[in-house]
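In structure tokens below, several structures.
Two complexes, one shared chain (chain A), two partners (chain B, chain C).
Right after this comes the complex of A and B.
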């Protein structure tokens, strides 16, 4: 991957979000060789250009695309690549609008520079519903975006947003605008009407005159062309690359060992030392004493650093550093947290929910009169659900390589938020952001974990203390026990059914609400009286967004409880949902297709049963049926069927891969995911006790897609996850009559 | 100190004989395709071949490799760079997501197919369950192994697939 260091590194100020903000910035010429489209007023393309146009013969056509003298089109992608395929699909979207030859399209990671701020992402990340929100949900997101935009350095990969924001609003427009400018330059040169010039495979063709030329021939002249601020985008019947399963561009490097992840960084010309670290076992505590006598004499050890809130051993190799670290005795200060065990944590949640009672707490969403309708209901059901803390556990343990010298800092790492990481380093080591360069590497998984940057700041501190370049690597134990976490939560739910069994009232109250704000609202269902409340409670472990964020708990709570209502009504769970989706034709179509491909209406084999769940998240509707075999007395996952409607899928195979992965991630958490506490510290430490689903445990997975059209395009990375846990527990209920209201599942069947 | 054959070339590693092969090949030999995942032989990201057999290099000392042949992901392709059947199948089935575990997955799959050219699903389960994929590409790994074995056909060029 190309590694770019920006020369214009002013901290970003987020422009007010608007499409016009991007298109309206106009075209700037840079030395007669560069042109560009601004991502915001005050376009810095002139200063940025020399860094992006690395070769002498290359022309920068705009911030997001360049064309070199060999007619190679390079898409400059602002998002990191962590396995979600963003690099490839964003290039597809740009190249399609540009009519570029796919074989000659390359992908470049954008530098960590304010110029590449992913402005739309802020809005989508904070509140996806803002683009098509139901009026009654508006209070759930109002204000969130403003707050976020003010405080963040927004070069973010997350929220299943790359296609929906950067792809739709920037890559496509950049490609279309560049194409028009190339046509304009050729029309001037050939003295023919622009409308008569066709483009295909990175070529300009004027049939009547017999003129034709590769794009590269007019790349420079295109700089002087006026830019249409609202280029005409292709309609679906004109797509050549979008909607097609093009092979991912990052895969060849990932099958022969050449892909460079953060942990593989070997900066040119630098002799690396290696650091192992130990962080506090209980969050917020600090080192009170350290005994490193034995470590000091060990082979290869260079320095042992007491950094206050962590200890680092620096050595000639990581293995030596970790071996020495294992001998260091550290005493930590006492934690003031009252939470020592998970029972304590759930007691904190229960206390908050008790305080909220039947109608208290912050009203997250309300429709009708839920308390009144519950009082009048023929039948009411109550349930309390629990979700545990979870670690992200990306396969690449957190790591960062840093070099601090001469008032400057270079960072090599894998991060979802390079600009925020830069800010955190700046404030931590007292070097201005202008003098800090983030070299982005491939991410060996992230799932939200690499939205936090504390590990980057730690490496910078170690490198500043040593004065020489250091690669810091966390052990798996540190990664599991001393990191940032998916929060635990508890939800109390109440439903009211009328005489026919129809759900007429719904109330839930829980303690944790992060993102997306609408995750806690069963908005798709026709429930006349709905109340959703939050009674905030303190978390013992630090929070970090975890794949699908609030949907990961709320999907389990809501879709399990809807299943309870169906059971109370004596109804088929899938039909019961359909009966409440009369105003949701897309959801209805998804469930109907799911019933068909999963043979829902056929009886299951003896000892097996199916469960269903449907969740809309990040703009994509996903419904799943899981089939479980209980004949051994323990759940064996046999089959999973999923139907997804993302509006329109840009790369079907890439989309399916993401949904498959989301399902496995969700099932892993459902079966095994749990962090327990002992004296305030996490008990689980590595993959032997923080278990993952393995090859012999995953079900067959079949994913079907619906392109329902005329709606904003939905995300891929997260939406596969939320239905997985409730579909599984609902299947176990169908097989055994046992309703599981807490996770994980496996330990309940030993 | 330990001397062994690394991807066909003799190499001497000047390090404590108890240093794991993982760190020797990554930091001493400069081959970073073999990955650190857990350090306790639980995840398989560090899988290499020792005399053709898959081992977890995070928990195998270089002293155990003395005089033997070590093969890493960098040594899987042919001398002219031609991808192995397993690697080709990983491409045709578009297996990797983040890719971090895939060196280890390919090493385990390669060893499986060498010993058992036509594995059953149960054989695949047995050989591959030591390798964790956090991205959840298991169904594709299974299919790719079958494609490499000739049990299933590679998916045809997908360029034309409509959503």
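Right after this comes the complex of A and C.
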């Protein structure tokens, strides 16, 4: 059985892994230095060089850092940039270990090639660092995970992982190794001991002899230096860039409009045509007939294509394509899904939960004897919670530019998974992966949506059919109604309290368990008897990871129900949580700090109240207090305080941005997020009926950070989200006595 | 040992959900209207017909991105325009209008629709209809004729 107790987690292997890596070096055209990680002896290194730095003479590929003759340091990052700031902070981590001058650091997106798989991400997903591997096995694991990553196309940006995997275990090692080699080259030239050479701001300095030089002067010679595969990394007191709010490298281009998102792609030398598409209104159905008479006569139209599972109109401009698309009459096949409305979907969930009963289903985690303790409890409480389907609704609609010619395919798109997209294109249009090039653009938001690649394969099919380059753009309506979704779910929860009100038994059963595996388990709390069960049920709409994945609904279920237990015990909800965190000093510190900055213990103004929630996700503990004003009869969000412990924060400003973004995303979903079904099709279509929280509805947000120290660094992109919904509904309960067990909130106060 | 099995499921989820289905049907029908570079046939809205309503139906295609005109159909980004002529401004109950339209006491007729379509925000400041002005007078007249026809039983 899966043991829950935090004190029995296995010791981290992180430190050991961070000291290992296979490094190679090479000389750039013109005499620069190129450092790579993950190149093993015998690993063929031919094809990548031209992609990394065009021009003759490049030797090494699979590289993470270049230093050119103008003393510019370029960090080559394998993760995509979707607004989260990963490009910049990964460069910051590399540049710090290299002692590079931040003003002269550039960022380059790594090409979508198997050599750039983020093997550390593979390791994280397949076998978390806490897994207890025999020491003698470890050396083989490094290669194993690189291989595994390649075979599974794991060039992924997701799981709030960029900093804590690639940053900690690849970028920093590359920077530190490059620094040592530069020092070695300078020591040889100046004939002084290497230990006496200092580095700062991309300069080498030997004070005693008065020698100094920019890195560029020794960049070429450095490549001939022996390379330490386990360079010494800086300790925290030596950081110069890490831990500081350095300005992001991608912001200027986003301010002045030169940044190229997927939808901006205008590949050199290609004349683009444009495609609008319509997909089936109900998942799994196909086109049975198409009437394109009207569209054929419309301005700019080139082709109308019935692709079986979607229809495309190709025209000279997107506007013309979409206008013509709107006139095409399409009949769709009948769906076999029994789900026509959300009531039907919840009935499917309820039936699965009924089947599981009090003890059935798959046991996801257990401790003690929950059924027995529930039977013996002085008080028991029961509740049923519901979560709706949600769309990702990224600002940049799904789009992809594709050109298929001469047995090769070029793709320009914004994606979180370029290699998986490549594989999907390969299997869809029958061209080998090596003949497909994915040109990665900035992502105008993704939130998990761009982990799916069906839109990339669709564009490739259209481009293959036309024979000329096509930019396909989904309308906002297509994006909202015909996509992949955060799953709906239902959870039944029971708690047993003893005479003193203490929580002695906890049981939950729900139908959806995707990722991360631990999201459904309230592991941090000292509850002697815990049972967590899954009774799987079919989803009508296709699933896709949505910011914080299972934590997004489980955070709401668990932290609302803990609040119910506190209410049943007549206890202060924050103190009640503290009383169950005796084995969790970091969580305790976070909650205590939160109580302080939110003035938790002071009475709220008439009509207002505060709610609290705490969730650990993606390695970061986040607790939030939300204050709500109910005097108008509707919830008005006045304040939000968040305290986060990510172990160590690499860029405090960037981290706060992500936490604030996660909170607003979570509150948007909590207040408004809902997809309804009519005849099995989604009703909501655009931002007028799939609302975002507006500026005037967003509470003041204050984020405090705790760097608690010697623990693996946690993520930033997702952890701000899970506590937002329960903190808000708990506040509404505190203000009104009404417990909200389903979302969204706003429509319950019309 | 079981710990390992459960946690490894995380990778599988990512793989399965990130890859999706790759099974794609063949192209069922490909209508090539013209090749690229080939001059587009000159098609004016309602060319070859003097029927104002038919011309209006064609001209309405620029509005169709946001509006449907179908009895009983759910509104899209803009309100369903079936029966708009003769309807109170902001009068479709199921649609959430801007305050500007919801607060109007007037009823849509050919004359005020003409003014509104020529310059929506000028005629009704505060309207959410920020795009879609129809500057061409003839197109406007045709669209209004079409919409008026869609208001009457014969339009069904």
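Couple of notes before you dig in:
We take it that the second predicted complex is superposed on the first by the 666 of 750 C-alpha atoms of A that agree within 3 Å, B and C clash if a C-alpha of one lies under 4 Å from a C-alpha of the other, contacts with A are read in each partner's own complex, and residues count from 1 in each chain.
The definition used in the following text is that a contact is a pair of C-beta atoms (placed from the backbone, for glycine too) under 8 Å apart; a residue touches a chain by one contact, two chains touch by 3 or more.
The structure displayed is predicted, hence computed values, not measured ones.
Look at A:299: by the touch rule set out above, it reaches both chain B and chain C. Touch criterion met: A:544 reaches chain C, while chain B stays clear of it. By the document's definition of touching, of the two partners only chain B reaches A:393; chain C does not. In the overlay built on the shared chain, the residue A:286 is in contact with chain C alone; chain B does not reach it. Using the contact criterion defined above for the overlaid structures, shared-chain residue A:99 touches neither chain B nor chain C, since it reaches no partner. Contacts of A:688 after superposition on the shared chain: both chain B and chain C are touched.
Of the two partner chains, chain B is the only one that A:665 touches; chain C does not reach it.
In the superposition on chain A, A:68 makes contact with neither chain B nor chain C.
By the touch criterion stated above, A:514 is placed in contact with chain C alone, chain B being left untouched. The residues of chain A shared by its contacts with chain B and with chain C are 299, 322, 475, 686, 688.
The residues of chain B lying in touch with chain A in their complex are 15-16, 19-20, 23, 27-28, 30-40, 42-43, 45, 72-74, 76-77, 83, 87, 90-91, 94-103, 106, 124-126, 128-142, 158-163.
Those residues of chain C that touch chain A in the complex are listed here as 2-4, 6-11, 13-15, 17-22, 24-36, 40-41, 43, 61-62, 64-65, 74, 76-77, 96.
Chain A makes touch with chain C in their complex at residues 1-3, 122, 125-128, 131, 152, 156, 158-159, 271, 273, 286-287, 290, 292, 296-309, 316, 322-323, 326-327, 364, 417, 420, 423-424, 427-428, 451-454, 457, 461, 465, 468, 475, 477, 484, 514-517, 542-545, 678, 683, 685-686, 688-689.
The touching residues of chain A, counted against chain B in their complex, run 82-85, 243-248, 250-261, 263-264, 266, 274, 299, 317-320, 322, 393-397, 442-447, 473, 475-476, 648-650, 652-655, 657-658, 660-665, 668, 686-688, 692-698, 700-701, 705, 707.
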